[in-house]
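Both complexes below contain subunit A, partnered by subunit B and then by subunit C.
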Partner chain A sequence: MTQTSIRDMLYESPGPKAKKRIRFFTGLALILLAALLALVIRQFAVTGQFAEKYWSFFARFTTWRFLGEGLLTTLEAALTGSAIAFILGFLLMRGKLRRNRILRAVSTALIEFTRGVPTLLFIYFFFLVVPKTGWKPSAFWKITLPCAISACGVVAEALRSGVNAVPRGQTEAALSLGLTETRLFYKVVFPQAFRFVIPSLIAELVIVLKDTTFAYIVTCADLMQNAKVLISNYDAMLSVYLVVAVIYILINYLLNKISDRLALKLRRTAAEGSKA
Partner chain B sequence: MSQSETPVIELKNVNKHFGDLHVLQDVSLSVKKGEVVVIIGPSGSGKSTLCRTINRLETIDSGEILIEGEPVPQEGRKLAELRSRIGMVFQSFNLFAHMSILDNLTLAPVDVLKIPRKEAREEAMKLLERVGVADQAKKVPAQLSGGQQQRAAIARALAMHPKAMLFDEPTSALDPEMIGEVLSVMTELASEGMTMLIVTHEMNFARQVADRVIFMDGGKIIEENTPDAFFEHPASERAQNFLKTIRDH
Partner chain C sequence: MSIQALLTEYGDKYLQALLTTWRLTVISFAAAFLIGIVITVLRVCPIRPLRMFGDFYVQIFRNIPGAALLILLVYALPYLQIIFPYDACVLIATILIPSAFCSEHLMSGMNTISPGQIEAARALGLTFFQMIRRIIIPQALRSTVLPMTNLLVATMLTTSLASQVPMRPRDLTGLVSYINTRAAGGVAAFVISAALYCATALVIGAVGSLIDRKVRILR
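So, the complex of A and B:
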């Protein structure tokens, strides 16, 4: 749905020659794709990847239950991490939009720091440094917290861009009615800003979800970690990675679909305005 | 009696600069209770800025602005409280885009005046009825026409029981066929005795509704008179030229 509208924005509708050209290249691309797929399957066959021992354990319920448990942990870590990232991001955004110069500088520094440092370094920090301080978080928090910290700066910037996109007139109207700055932020500005940035926030949720695959480092039993256990148990790397990749793709695809839906719905409400 | 009465809005020697531009030059004016004052003038004359200084949406460099005899507070709750007593209608309506029309009207009464929600809703519906958009109460602003939005915006300001209303070019963003419906709401408001300060380009409306017309140009008040006197016999050359340009169209 979103694709269509982007295409509408970028190109004029094709004429007869362009239509012919599009048909030709679509056909060519299909042929090339089919050839590629055939090549992959052939390589699988040649190297014996279709052998029963690589696939038979997928017929067992226990395999799926094991992967399912991992998936639940993955989702739990991603959702918890995102929730924490949202709260931290919100606070940083508020800090960065303050008049107080020190608060603003500290928030900006934290945003740049969390955005600039790779997630993996935060994970190693929680894995290697944090336990030495005497605080020993569980494996779940050792993956969830670094993922949240790594995402919070991006969330803060996304929220801030949303706040900046709210027209000045909305603030002026609220001020003219006697709302204080705090009240008007929560009642008028933020609800609108939040709507603007829902797609960016969901995109960040996908990134957090992918970051949780580092959980094997802290031996948290997420989907990836459990996949690795299967791999070593059955000595079946390719088949397991393939299945797990499909699961990740399906979940992230679903999230992106939800995001598109929401974006479309919000745009429609706006479009009704321009029609009127 | 009207001689000794404190004006609702009073500006004394107000000055304001935008960088090098002296947008308000020693402006003084007063609006008495129940009076309708219309400010006209070419674009860039400072009339909108003047209107916006009254509830401190624009700050001033020097001079004094008094509301019911009290200076406009600089900040904080006192300023918010003062703003709640002065209604404002904007050129671009500025209805809250994410709320229904009804919620637009009840937000400030509930939040600022602490009126119970149910009471605020009943009052809001009455106001919407009065401006003729009660049937749109459940819709969001984007679903309404410009004229309907502006009438709802007027109702939103009225929901605060303002002592005076400021109109900053309320019809300039409207399609021609919708201007009339907004002006008639304003005319009715004027006839009910509302104190109003109106910045507008609608000369016929000004003539019909105003108790007093103020002509501004280059950041200064050039002329101030009754509408009939002003439109029939403008004293200054600049006002004569301005009226001539407008009539030629």
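So, the complex of A and C:
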């Protein structure tokens, strides 16, 4: 069953009358949407935002190279942040599933803390407080570390739900075969759990990538920061910010699409498995 | 500064900031919820252009970073002679983004409804809107209490965007950066704000799972 299935079950194939009505409203909707688009374009034209000077520099290679450099830093920060979030999240998940009560309580508290505090607060912490302690991380780490910390709680919970989704019988079987608990976890439970949660890990990558947009606070030369430089060079606020927003949207859209695909595939394999 | 010193000096400011964060969260969530429902209805209606518009809307606001949207609203839109005050810009951003996620949750909530119910409703002669109102929306809402609870927390976290514009009164994040640039508030200033955020999130989570246990449809 695909995601959109419910859409097509809501109504049967329309009769002649309904067809007419649908055609009428389709036309009406098209006119309204076209009017909306026309209004936007008119506003651009009236305010002179289509002027060549706002857009011509996008034809230059240097513009795209500069934006590309920023994008590379953005991706680097997002990937590094996600990797650190994964390691921290893994440790927290292990802690929360331990029998040791103190370890469990500490892990749970840390998970709830990182999930309940906005990324911006962590970023300001690394921006305003951390340098005063004598440790002076570079701009890159000042954005990457807070993003990672803010994501690790969510990653921990995702991993935990993956671990819980592994059938209990496998644990029992492995234990009765004489595996130690550590080997049981790394050889049997975790590989499967990891597969289950790959889609949510990719979704988390999107969240980290979005959070790195705040890199301008710590003046790390990411996509957004480089966009600002372009703006001051060409005095073209609207066009540059629009292009940058579209770049962000496209990347996140692609990542989300991949995540959805994988989730669908996993659900299918699971359904086949339960049938067999 | 110690937590106590901070609270005596900035106590009422923290209270005001907390109330600001709550106010932004409640307004944003309520508006995002209504828009989310409307967008979801558009996405399942039989009129193709409206469906496509709904899908487009969700993809845009699900994927745009909050900072990018806020910057567009605050700095770029005035070039189109569309000027909003700062707090309106923040609210627009914190409404549009959660509304897209709200619609996504409702869509997956709808997918838990069995096709038999739709067929039964059709056999009884319900119109499209009757079906939406009496069958689809109530069940979609009941099975999405937990995602919606998470969305409310996410909305609260998104309202920290308010710290990026000179908005008065400040929200919890804005207040911390204000205290730290004026005096060395240090770690304590952060701890207070973080604790207030966390406490709110925990209360929301607890109430959410309580409601979920009450209304969830066991299948």
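By definition in this document, the second predicted complex is superposed on the first by the 241 of 276 C-alpha atoms of A that agree within 3 Å, B and C clash if a C-alpha of one lies under 4 Å from a C-alpha of the other, contacts with A are read in each partner's own complex, and residues count from 1 in each chain.
Quick note on the criterion: a contact is a pair of C-beta atoms (placed from the backbone, for glycine too) under 8 Å apart; a residue touches a chain by one contact, two chains touch by 3 or more.
Remember, predicted model here, so these are calculated numbers, not experimental data.
Visitor: Please indicate which partner A:72 is in contact with in the superposed arrangement: first for subunit B, second for subunit C, both, or neither.
Guide: Once the two structures are laid over each other on A, A:72 reaches no partner at all.
Visitor: Output check: A:132 vs subunit B and subunit C. Expected answer is one of first, second, both, neither. What do you get?
Guide: second
Visitor: Let me test your reading of the model: by the given contact rule, A:176 touches which partner, first (subunit B), second (subunit C), both or neither?
Guide: Touch status of A:176: first partner only.
Visitor: On subunit A, which partner's contacts cover more residues, subunit B's or subunit C's?
Guide: Partner with more touched residues of subunit A: C.
Visitor: After the superposition on A, what does A:41 contact: first (subunit B), second (subunit C), both or neither?
Guide: A:41: touches no partner chain.
Visitor: Report for A:188: first if it touches subunit B alone, second if subunit C alone, otherwise both or neither.
Guide: Once the two structures are laid over each other on A, A:188 reaches subunit B alone.
Visitor: Using the superposition on chain A as set up above, list the residues of subunit A that contact both subunit B and subunit C.
Guide: In subunit A, nothing is touched by subunit B and also by subunit C.
Visitor: Okay, in this complex, where on subunit B does subunit A touch?
Guide: Result: residues 55, 57, 76-77, 80-88, 90, 92, 94-98, 107-108, 111-112, 140-145, 153, 156-157, 160 of subunit B touch subunit A.
Visitor: Help me check something: in the complex, which residues belonging to subunit C touch subunit A?
Guide: Subunit C residues touching subunit A: 43-44, 46-51, 53, 59-60, 62-69, 71-72, 75-76, 79-82, 107-108, 110-111, 113, 115, 118-119, 122, 128, 131, 136, 153, 156-158, 160-161, 163-164, 172-173, 176-177, 180-181, 184, 186-187, 190, 193-194, 197-198, 200-202.
Visitor: Using the touch definition up top, name the residues of subunit A that touch subunit B in the complex.
Guide: Contact set of subunit A toward subunit B: 167, 169-170, 172-180, 183, 187-188, 191-192, 195, 269-270, 272-274, 276.
Visitor: Quick check: in the complex, which residue numbers of subunit A touch subunit C?
Guide: Touching subunit C: residues 1, 3, 5-7, 9-12, 14, 22, 25-26, 29-30, 33, 43-44, 46-47, 49, 112-113, 115-121, 124-125, 128-129, 132, 206, 209-211, 213-214, 216, 224, 237-238, 241-242, 244-245, 248-250, 252-253, 256 of subunit A.
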